[in-house]
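First chain written, first letter: the chains are A, B and C, and each begins at residue 1.
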Amino acid sequence: MATTAMPMANIAKDTDMSSIQRFDVGPRLSEMAVHNGVCYLAGQVAADGSQDITGQTQQVLAAIDALLARAGSSKHKLLRVEIILKDLADFPAMNAVWEAWLPAGCAPPRATIQANLAKPEWRVEMVVTAAL
Amino acid sequence: MATTAMPMANIAKDTDMSSIQRFDVGPRLSEMAVHNGVCYLAGQVAADGSQDITGQTQQVLAAIDALLARAGSSKHKLLRVEIILKDLADFPAMNAVWEAWLPAGCAPPRATIQANLAKPEWRVEMVVTAAL
Amino acid sequence: MATTAMPMANIAKDTDMSSIQRFDVGPRLSEMAVHNGVCYLAGQVAADGSQDITGQTQQVLAAIDALLARAGSSKHKLLRVEIILKDLADFPAMNAVWEAWLPAGCAPPRATIQANLAKPEWRVEMVVTAAL
């Protein structure tokens, strides 16, 4: 897009398609989109679904750390995390890993529900929104 | 809209209530709100719930296309899509319609869960966030 | 952070960790984060889970009102509300309280699903995104 030197040109650019930065784009989904200072992550699940809730939560949080780092963000800047558990009996063990991972003073708004996930072995999925 | 030449006037307007644009406002919900360059869509479901997952997914995606177009956005600018399936057995058929619909290089972050929806005939609901 | 009088200092601040304002921060979660003109609330549930769906919905909406007021926002500025019901039979009673609460012309985009919540007595949870 041709732009001028006027400030309005920068504002217009914010509504341009090129203002969305995508990470790991595939035919079905990408892992993260960054737009206007906000990171929208895909629901993160365990790469190794054979692990128990502790291991799966650790994997999910490590995946979140890695994605946020690529965008220049971090777990200090979480805006909201929606957590889906396959089994609510896993709630305490998931929370233990979660609380150990969180930096002091940075706990984000959360919402947790129980639902089945796309693969039967997945016990936890986290959907993260974070600031850049 | 009448505007002045002062940049601050535009910035202040962004935190004003009038900066939210709503579409199809009813007593219970509206179908879309646009604020600060981001489109928040209501969960889209099939108008004709008698169709199978392929037909319902096509209806949902057409509804998303139509709403985004009214805001001046499009499926090229999706920031995240949360998908709720009534039955995970519908996952492959939903994905086939989804992938055929997506423009190359524009796949957004996604999260998919299994849950019952407000009407028993609904097999899929999609909750879209998109850039303007 | 030391800043200069240059406009760029304000822009940079928007991507600084301090640009996130958190409310009721605990070791596990906070109740609200405000960033870049948007309020992200934690999933709100009833403090008194012994009440029926009408009472629980009233409690949830009062909690939302209180949080939004602390940020300087209100139910006039909702951008999207995601509703989780433990039992879809509660849908009409929840909607009656919801519609009585909403100001005319301000109904936000919604999505409703059925899922179990973190405590068995909770019948409804609402996840709110609002403009400042």
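Some observations on this one:
In the analysis below, a contact is a pair of C-beta atoms (placed from the backbone, for glycine too) under 8 Å apart; a residue touches a chain by one contact, two chains touch by 3 or more.
Small disclaimer: the values here were computed from a predicted structure and weren't measured.
Chain copies chain A and chain C are related through a rotation whose angle, from the C-alpha fit, is 120° to the nearest 5.
By the residue-number overlap criterion, the interface of chain A with chain B counts as different, with under half of its numbers used by both chains.
Rounded to whole angstrom, the centroid-to-centroid distance between chain A and chain B, based on C-alpha atoms, equals 19 Å.
Multi-chain contact residues of chain A, defined as those touching 2 or more other chains: 36, 82, 115. Against chain C, in their complex, chain A makes its touches with residues 36-38, 76-80, 82, 88, 91, 95, 98-99, 102, 105-115, 129, 131-132.
If you check the complex, the residues on chain B that touch chain C are 14-15, 17, 19-20, 22, 25-33, 35-36, 40-43, 82, 84, 113, 115-118, 125, 127.
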